[in-house]
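The block underneath contains the structure these notes are about, expressed in structure tokens.
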Amino acid sequence: MKWSSPVRQLGLAVVAFLLVAACGSSPGATASCNAKTATSATDCGGMSGLETAAKAEGTLNVIALPPDWANYGAVIAGFTAKYGIPVNSINPNGSSQDEVNAFDGTSNAPDVVDVGQAVALANTAKFAPYKVATWNDIPAGAKEATGLWFNDYGGYMGIGYDSTKVPGGVINAVSDLLGSGFKSKVALSGDPTKSNQGLNGVIMAGVANGGSLDDVSKGVAFFKQLKQAGNYVPVVGTAATVKAGQTPVLFEWDYLSTSHGKDVSSWKIFVPSNAIIGGYYSQAINKAAPHPAAARLWEEYLYSDAGQNLWLKGGARPVRMAAMVTAGTIDTAAAAALPAVNGTPQVPTGDQTSKASAYVVANWSAAVS
Amino acid sequence: MGAFFLVPIGAMLEFSTRGNSVTSARTLDAWVQIAQTPGLVKGIVVSLQLAVITSIGMLALLLPTMVWVRLRLPQISRIVEFICLLPLTVPAIALVVGLKPLYIWININVTPSVLALAFAYLILVLPYSYRSLDAGLAAIDLKTLSEAARSLGAGWFTVMWRIVIPNMPSAILNASLLSVALVLGEYTVANLLNFQNLQVEVAYVGLVNAGTSIAVAVGALLLAFILLMVLTLVGGRLQQQNYVPGQRA
Amino acid sequence: MTAAGSPALDTAARPTGGGRRLSLSWLGVVPFFAYVGVFLLLPTAIIVIGSLTASGGGVSLANFAGINKPYMVKAFTLSLSVSGVSAMAGAFFGAVLAYAVVTGNPNGLLRRSIMSASGVLAQFGGVALAFAFIATISTVGFVTVFLKDHGIDIYPNGVWLYDAPGITLIYVYFQIPLMVLVFLPALDGIRPQWREATESLGGSTWHYWRYVAGPLLAPAFLGCTLLLFANAFSAYATISALLTNGGTYVPLQVQALLTSETEQSQPGLAQALALAMILIVVIVMTLYALLQRRTTRWLR
């Protein structure tokens, strides 16, 4: 049988097309981008190369990103809208340690994590180095030199309160909380023996009462007094408990506290000027990420002006804020809405946090139960 | 006693319909937001599939074993009882530490699908199912019935299918109810193994705002309740077909 | 049971002489043990090995020394007491409720609704249950406010909701439905003929329960109470979502040691605690077995 010439040419074209398609479709290892070892976008053929590789991978796994935490709901939606890559958000209530524990080498493992300082420092062996395009805007103390981790946003430990439920409608000092008008009203947003946020609440109370970052005993003593006065309610403060009126005075990161404003219109935030305790979270990429190109694209997005401004909208202070203010790319309305802070922030180092938490673990339950 | 159970749920319902300040009107906003979450439907489907697989697997594994132990190996009944209580004594988070390596192997060599959770769930339902089936088996005269059937020439499969199962309908139904309810309500193991089932999706939706978190919890309870009612209806029908006069069902 | 029955059973199963029969019987439980061996015993072994491994490697009992701290011991006593009380309360009220259900129409709507509701509520826990109780009887809860308007103050000596009494009450909320579900099949097995027989022999209700139904139900009742105890002892989702007063229950300690954000993660100690929990349940189970042997002596 003789194949006619056009049919033969068509057949050859189809075979050629299939061969080219097969060569070009292995994820993460195209000619222009080996995402697993890329340490910056240039290693991947620039942003467009990275984007192509990421789209080929098809999805992104993130972990422990509740939608109302620093506006992450909008950040995730923005990423998917811009690049068309769906985001798989697992374990929304997870702790930083949970995030790193989830690195199990399977296709369900998270590609990127957003963890507290202590966990980031302790797990650098599991991360892959990467420097985003705006790397130079990140202050030197806020990143690891080769890009294993880098701060993303932060805030200050504050006391959020419903002004209609506190005597005088305003809190001016942490010691106000010991007054009789605060019976069963003061709560923490996490157990300080296991939660970073809870621990920082105790540290802040300690510093405000004459202690220091190296000595958290005054903080534990303060809460003991609070408990003896009947003012401390040992309940985890959440959006629901705030709305229900169960925890009208809540120690919480200021950017999380602002979200209660939509449930309680009289919600205010107080940050003591003698105890401005700052806490920054850090981004890191899983060395064994199932979708390495998507992971790197996500980081680029987070550190772009759009990503940083979305965090700012959520009340958090993005790490590139100083550079963006200079460049004029900051969202000025959102920046103005941040709680006013007068004084010098103090940020506990890894060692100080570790020492404080060891003390709290040994002494907390005796103090407040 | 009904009040004890219904009042807290009523309080949750009341909270989920509150407006944004003390004086604003009741609203169904929180409930509406549930409907706007696509992941939730996926979670429901996955959990239902897991519930079915786990219940059937549990009955297939546990019932023949328990019958066999009662008839042939009564000396190990205490060991079986202890093994079936073991999953309950270890907190789920500690158990996951041991299950992790297994699941990594399964993910790579068998399937990365979320339905692999059924393996773990079967273990988790063991304590409850064992207790229920044990009470049912104790109530029937297993030895006589099985001997009678065997002496009439029945094989073991016939004994199980036509003698044992029809004689303990409430025990089997209860064991299945417990299994389904456990799978629908299970959060910890799925979450720590990086899977997304119904409760993980519920937790995610719950973080959108305060009212929604409670609305979705009540919704999940109602959903489970309706499913279990359907299950009891089906169980009731099957029971009627196998009804033996003179014996309390 | 009968002499006539046994040979029929034996010949049906046994191909050859005495020793062979034993091994064939064991064959019947192979599937169960194989499955359980892989998915339960292996993870448990991993926990046991983990608890005996020091952080630098090598066998050691150092992890168990961590249990000897005052806050740990307190956690154990609190967990044990709350689990015990909630198990007994749950068992009692659950059995009563189960009895009420059983005396009704077996196919009726009431029985079905209670069964389904029990199924749902037995597994109800975590954030939702914690919040449900906060919304109901906390200082600003629904019921508290209602009672206060009628002159009743349920917190005259301070708030007890977050201490042992409150947590026990919350646990009872899911213990009762669990008891209903696991105990009902035992109640279903009671024949009406036994009641009639007792009465025809001149016995009262007291005689019926003391000499007939009671001993027959005792093994199931005890077994279910044991289940409730283990259930409460290892439950942690609710208290984890609720409390910030420092791991006052053993499962919370395990959780903190495995997932702490503040660098207090010690998997070895967590596994040692898990092993301690298993041992406690083994002890309770041994007591239960001894008790059962005494109450059902005449049945065996």
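Points to keep in mind about this one:
Per-chain residue numbering starts at 1, and chain names A, B and C are given in the order in which the chains are listed.
By our rule, contacts are C-beta pairs under 8 Å (C-beta built on N, C-alpha and C of every residue); 3 or more make two chains touch, one makes a residue touch a chain.
All of these numbers come straight from a predicted model, not from anything done at the bench.
In this structure, the chain pairs A-C and A-B differ in their number of contacting C-beta pairs, and the larger number is found at A-C.
With chains reduced to the mean position of their C-alpha atoms, the one farthest from chain A is C. Between chain B and chain C, the centres computed from C-alpha atoms are 16 Å apart. Per-chain CA centroids place chain A at a distance of 39 Å from chain C. For the pair chain A and chain B, the distance between mean C-alpha positions equals 36 Å.
Residue positions of chain C touching 2 or more other chains: 127, 131, 135, 141, 255, 258-259.
Annotation for chain A: residues touching 2 or more other chains are 94, 98, 101, 238, 240, 244. Residue positions of chain B touching 2 or more other chains: 15, 203, 213-214. Those residues of chain B whose C-beta lies close enough to touch chain C in the complex are 1, 4-5, 7-12, 14-15, 61-62, 64-65, 68-69, 71-73, 76, 78, 80-83, 85-95, 97-99, 101-102, 119-120, 122-123, 126-128, 131-136, 138-140, 143-144, 146-148, 150-151, 168, 170-171, 173-174, 177-178, 180-182, 184-188, 203, 206, 213-214, 217-218, 220-221, 224-225, 228-229, 231-233, 236, 239-240, 247-249. Remark: chain C residues 1-2, 5-6, 8-9, 12-13, 25-26, 28-29, 31-32, 35-36, 38-47, 50, 93, 97, 106-107, 112-113, 115-129, 131-133, 135-136, 141-143, 173, 176-178, 181-186, 188-192, 219-220, 223-224, 226-227, 230-231, 233-234, 236-237, 251, 254-255, 258-259, 267, 270-271, 273-274, 277-278, 280-282, 285, 289 touch chain B in the complex. Only residues 69-71, 74-75, 127, 130-131, 134-135, 138-141, 158-159, 162-163, 241-248, 252, 255-256, 258-265 of chain C touch chain A when the two sit together in their complex. Residues 94-98, 101, 116, 118-119, 122, 184, 187-188, 190-196, 198-199, 230, 233-236, 238, 240-241, 244-246, 350, 353-354, 356-358, 360-362, 364-369 of chain A are the ones that touch chain C when the two sit in their complex. Looking at the complex, you find that chain A touches chain B at residues 61, 63, 66-69, 73, 88-94, 98, 101-102, 104-110, 238-240, 242-244, 262-265.
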